[in-house]
Amino acid sequence: MNNIAKRSGKRGMPPGSVIYTGIPRTEKARIDIIDYHESKIDVKDDVAVEECFKFKDSPTVSWINVTGLHETEIIEKLGEAFGFHPLTIEDIVSTDQRPKMEDFGNYVYIVLKMIYIEAPGASITSEQVSILLGNNFVISFQEKAGDVFDPIRTRINASKGRIRKLGADYLAYSILDAVVDNYFNILESFGEKAEELENEVIKNSTPETLNRMHGLKRELISLRKSVWPLRELLSGLGRGETKLFKKSTELYVKDVYDHTIQIIDNIESLRDVVSGMLDIYMSSLSNKMNEVMKVLTVIATIFIPLTFIAGVYGMNFEHMPELAIKWAYPAVMAFMASIGIIMFFFFKRKKWV
Amino acid sequence: MNNIAKRSGKRGMPPGSVIYTGIPRTEKARIDIIDYHESKIDVKDDVAVEECFKFKDSPTVSWINVTGLHETEIIEKLGEAFGFHPLTIEDIVSTDQRPKMEDFGNYVYIVLKMIYIEAPGASITSEQVSILLGNNFVISFQEKAGDVFDPIRTRINASKGRIRKLGADYLAYSILDAVVDNYFNILESFGEKAEELENEVIKNSTPETLNRMHGLKRELISLRKSVWPLRELLSGLGRGETKLFKKSTELYVKDVYDHTIQIIDNIESLRDVVSGMLDIYMSSLSNKMNEVMKVLTVIATIFIPLTFIAGVYGMNFEHMPELAIKWAYPAVMAFMASIGIIMFFFFKRKKWV
Amino acid sequence: MNNIAKRSGKRGMPPGSVIYTGIPRTEKARIDIIDYHESKIDVKDDVAVEECFKFKDSPTVSWINVTGLHETEIIEKLGEAFGFHPLTIEDIVSTDQRPKMEDFGNYVYIVLKMIYIEAPGASITSEQVSILLGNNFVISFQEKAGDVFDPIRTRINASKGRIRKLGADYLAYSILDAVVDNYFNILESFGEKAEELENEVIKNSTPETLNRMHGLKRELISLRKSVWPLRELLSGLGRGETKLFKKSTELYVKDVYDHTIQIIDNIESLRDVVSGMLDIYMSSLSNKMNEVMKVLTVIATIFIPLTFIAGVYGMNFEHMPELAIKWAYPAVMAFMASIGIIMFFFFKRKKWV
Amino acid sequence: MNNIAKRSGKRGMPPGSVIYTGIPRTEKARIDIIDYHESKIDVKDDVAVEECFKFKDSPTVSWINVTGLHETEIIEKLGEAFGFHPLTIEDIVSTDQRPKMEDFGNYVYIVLKMIYIEAPGASITSEQVSILLGNNFVISFQEKAGDVFDPIRTRINASKGRIRKLGADYLAYSILDAVVDNYFNILESFGEKAEELENEVIKNSTPETLNRMHGLKRELISLRKSVWPLRELLSGLGRGETKLFKKSTELYVKDVYDHTIQIIDNIESLRDVVSGMLDIYMSSLSNKMNEVMKVLTVIATIFIPLTFIAGVYGMNFEHMPELAIKWAYPAVMAFMASIGIIMFFFFKRKKWV
Amino acid sequence: MNNIAKRSGKRGMPPGSVIYTGIPRTEKARIDIIDYHESKIDVKDDVAVEECFKFKDSPTVSWINVTGLHETEIIEKLGEAFGFHPLTIEDIVSTDQRPKMEDFGNYVYIVLKMIYIEAPGASITSEQVSILLGNNFVISFQEKAGDVFDPIRTRINASKGRIRKLGADYLAYSILDAVVDNYFNILESFGEKAEELENEVIKNSTPETLNRMHGLKRELISLRKSVWPLRELLSGLGRGETKLFKKSTELYVKDVYDHTIQIIDNIESLRDVVSGMLDIYMSSLSNKMNEVMKVLTVIATIFIPLTFIAGVYGMNFEHMPELAIKWAYPAVMAFMASIGIIMFFFFKRKKWV
């Protein structure tokens, strides 16, 4: 519910106001550039924003990665230099965007969510990733440093493989692919949680189990909210809605689209599994109650009639002839024992004991 | 359910009857005009309706804001002067409109709901806002005075920013944006309510909690009813269904559309959260019953057999040899104590105590 | 379920058989004619069917209203004279039609349901209304006399307002509008029922409440079945699917369409409200059980141990030294009282008393 | 679930294998022919398959009705003579087809389900009906003899009515109409069952009632599976997807389509009714438990404290001064009676008695 | 949930990496070739991958069947020789593909799931089957050896029937048909399981029954996940989305499509049946509890008042005149018996005994 609050903090601002709405951060924003073509590569780490400007029209493929959205003036400078629409710049720093793709003709703006589980067992946190694809540049924006893009960097450096031979659109696709692949990690961890919960619910459920079941359900809903719009986005890119993605790259984008569908399928399955667990939990509550009731019923219905009989012979009437009979006491005791035993077998047949 | 009643009050009236269907009001209706272009601004507060007529064809952008729909003759006069269709005038004052957009060629009629929470903790109330966009004028109608449009007025006065440079369509967009942004406030308050309820349901739920849960659910349904048609409306405007919105403004409208989608997403999430709470509430009822039953069962099943034993030795048979034995009393007491202790550990193992 | 039975009564009949399938009626069918143009009006009540024929091609707008569908020969004669398709005539008298619109080129056939609540508190009954719109005539068919069309007649007589100036399509629209406006009355009464039930379910629910809740739910489903197809029908008319509705009238039809959407929205909301009530009812059952159980548990767990203690000192052992002690009786009484009090405070802390 | 088994019996067969998959039958298959035009009619019962061949290109309308699909060689011969596609012949005898329509250019293949209730109270059984419409012939295939087509035969014989004047497409429509009209009988019987069950569930529900409720639900699901694809099929025919249905017949087909929609509407309503019954059943279980609990609680909480008091005065302490008091016994009895009465009124106020 | 884990194992790999993600296998991969035209057939078992290359452009129809995906180099060699896209080769060995069809112009790539039940009573396992259809070759890939394709081989060998006369597209269709027909086996076994469970739930349900119900539900969901995308795939092939399937084969593909729809219908029905069972299970829990409660209530409410009476006459008051009366004891006993009998008939009337 965090993003609801954040959004309302911007109320009354004119549209296009460049205001960072994410978690406050203190670390310095950082810009890294990789500029490459098939036979050449040029890596510049932690550069000043002005150094990026020259890559706007260079014939090589340039990847400018900006980590940290809280220093909005950097992003505004970059945006101005590369000719981005004011709404694009606003969207980059408003970290509550719904995943979407917007084609501005000379560049495509793609925004999506990266999902992390920071510590094992912790709940998920999300980060906004913006990708701006121009003719021969890709600018990516992250909220904080992470290692999801490292394999891409490695592949570019390796100077083998397709990535060095293909254009900026293939690079943009690679970033999308890395983000989507990361969702599978989350799903895996959710799957494990679900299995754990399932064991718990069958063997030894507590009210705490129910809370954790609902926690998982809510995380699944929130994951779905991040992935669902991706479907549309990638289906649009795969159908050639933008000219900046070449025909040959579209096939790759379709592949990411397939992964997204798979993720959604898996989320739906997990949701079904969690609903099933809820049914099991509810019926286990009823079963427990049944067990408690059976114990009470067995004990009470055996001993209440016996206590009555004992009560009868505890009455103080003067004329109770059986009291004087010698074998009366053992006879009554035997009678009570037999009632008890009959009752017991009655319950045995009913499978209550 | 108020609006159902209101509507039926109009039954039998010819279509196009200009009858105010909102909450009866006594304060005077008020007309404010802001007329501006890039270098000039002219603000007139609380003017007579006739003063508005001249702005119909003026080349500057004119914003006429009417507060109060109960003085229908004012609206009829305005409508006649600006050439509005009778149905438009009827719709402006019928405060039970579903959000919609209608293009009449020379003007566009947009009607939507503004949602308020008047006091903290109170339930939501809604007000109907109508926006009429002509070539170079915007006429907005509100039911009562409010401060949602103040930031727009400030921005126009400030004579900087985009708003003074762009046309009437941008002004109409700004009003739409202000109304939609206001929904985030409501969502925020709903999110807080949901969190409160969640704590309550886990720690200390009462039947009252259930009522409040259903109250929240109903408010979410009613909010959704206001927002859902907005989606369609804004998607239509963003796709260029009307020529009065210029190509350049469409991008901004799409941005509001994105916000609407986000609001709907959040409403759906909150609904899921509330449903989850209902499950927790129901299972907490079962858990409470279980606890009550366990106490009853433990006490009853320990003492009922013991009472029976005591009853046996309270019988008045003449020939009960054990009664005369000296150590019989302490032996029976010890026997009873051991039965009690065994029972207790039995329940301990079952985790009932 | 009535209409299921009716339909099957026609089994084996050739298609196009003109057989009345409604509730059997004995009152005479009645034909009323209003013939008008802007400056002239001619009202004829209770005329013979042959008098209608001349209005087929008259240049004035003619409204022929037929009350009573059971005298099928009248309808057959009318149909023949005005050149209606055999299926149209069959549909007029088969009172189990789903609302629909059929364009036969020279006339449009519209069939819909009028909903009544005949007595306050009674359940809804529906009546089939057929509207046949030709170039300059409207023929409407009702099952029984009612007052829903009276305001239209009054407006035509009043010779002011739009209706006298506009054509037969505007008249057909006015009839549609009157029928749809009538739904709001039903909704209003349903809203009141729902509010009553809600109070009942919170304060004092009985199994009867549940039956009434399901009764309301079923009436909502049946209302929805009548309204839902109207949506499609009116959307078709509003989009200009038939040429007999003029461009200028389409705007009015769209207005009725908006009302239909509003009615559907309200039905859905009411359904949600009723589902919510069901949850409250079910949890109130659990709450009641809880209350009963608590009383039982408190009383039983306080007195069962005490009864055991009393039983112990009722045993007849010869050697029970405490029996001879003077202060033993008050001491045991005090002990039992303190156990009772401790128990009571234990339950107090658990909030069971 | 029968048809699942049947289907798998064909596993591994090459496509187009003509294998009968229905219930094994021993009666001889039978072919009846009616050949007619407006002024002539020629009826031939129980003919050899070779007699049919000449009707392929005769200018009169020929209706060949084949009863019994288990003699596959007859159908193969017919198919060859009339030039049907191998898949059509396979589909005719595979009695587990989903209703569908296939246009092969020179003929249209329509397959649908006829539903029977063979004995009152029995569950539904279905039979596959195939209709092959050529230019001037209709061949219909049934699994077993029945009387659903008799009214059509009668109408053809009667030589009046539309059917003799119109072509083979009208005959095909008449068969479709007869099959669909038959569904209303089933619905009627389901409606009666539902009403019965509803009374039972309110007055006197047993676990058996639940089973019957689920039986009805399952039959509704299975009916829906037969009817739902009809919707699509008839909508296709009504929209003129095949040229073998003339424009003039399309109107009639649309009428059958309307009936199908009505049937689906009724099925959905019945499903809602059954779900409602389930809620009532479940809450009636809770109510019964509540009643049982109240009786137990009232009796136990009245007598347990009284028994305790009696126990107190049954103790054998030597020094219990009140035992010697003359009026002590009646006083204690009166005290106990008043406790009982107070308790009773307490429960009365709680509405437990 | 297995495939979630597998997928994430590939994280960080460049797209198009040919990595086998299925269950590790040790058996050697095996290639079988059948090359045929109408009058000639050439069968080669267990050949080297190089032998396949010559069949790429041979005019005869060639079916290359590869069993075992773990020897990826074989698949890479094949792919290179036949000119497959890198993504195709990656997809063949990634065994977590969603069923899909991709047209690469010179070949069509179809991937789908084969479902097995390896031992009776075991849960389902799935295997990925890839079909590559070129102009005159079909290459199929399986994870492990199986007998599903044997009937096709037999039919080709038999040199009669359609298969030898028709092209590679008919062969591809035959493989699709075999895989889809196999689903009916699974459905049959699910149907049996459902029937078993249904009997169990009515007669003698245990918490284990619930687990098995959810197991079946989960298997149905997982089956649906395999079948649902097939619908789209086959509908695309049947609509002629790819030119490699000839017009004449499309009819056959539509037939497989119909089977898929039937399978989906049956899965949905089974899901409904399982949901129904859940309701029955839940209500059977309540019924059991009711039964337990009734026994407790009957016994307790009969004997608690009687015990009280016995307790009264066990009191030790000195002045209890009735104790001395001779017939008092039998009178009290008769009184208690009559109370017991009255209670018993009261419960009899309430149907509790």
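Worth a mention:
Chains here go by letter, A, B, C, D and E, matching the order in which they are written, and residues are numbered from 1 within each.
Everything below uses one rule, namely that a residue touches a chain if its C-beta (ideal position, glycine included) is under 8 Å from a C-beta of that chain, and two chains touch if they have at least 3 such contacts.
Values in this document were obtained by computation on a predicted structure and should not be read as measured data.
Looking at chain B and chain E, the chains in contact with each of them are A.
Superposition on CA atoms relates chain C and chain E by a rotation of 145 degrees, given as a multiple of 5. Distance between chain centres (mean CA atoms), chain A to chain E: 26 Å.
The distance from the centre of chain B to the centre of chain D, with each centre set as the mean of the Cα atoms, comes to 43 Å.
Among all residues of chain E, those that touch two or more other chains are 282, 286, 289, 293, 296, 300, 304, 307, 311, 314-316, 320. Starting at chain D and stepping first to chain E, the chains sit round the ring in this order: D, E, A, B, C. Chain E meets chain A in the complex at residues 1, 3-5, 7-8, 10-16, 85-87, 91, 96-98, 100, 102, 207, 210-211, 214, 217-218, 221-222, 225, 278, 281-282, 285-286, 288-289, 292-293, 295-296, 299-300, 303-304, 306-307, 310-311, 313-316, 320, 323-329, 332-333, 336. Across the interface of their complex, chain E is touched by residues 150-151, 155, 161-163, 173-174, 177-178, 181-182, 184-185, 187-188, 191, 194-195, 202, 251-252, 254-255, 258-259, 261-262, 265-266, 269-270, 272-273, 276, 279-280, 282-284, 286-287, 289-290, 293-294, 296-297, 300-301, 304-305, 307-308, 311-312, 314-320, 352 of chain A.
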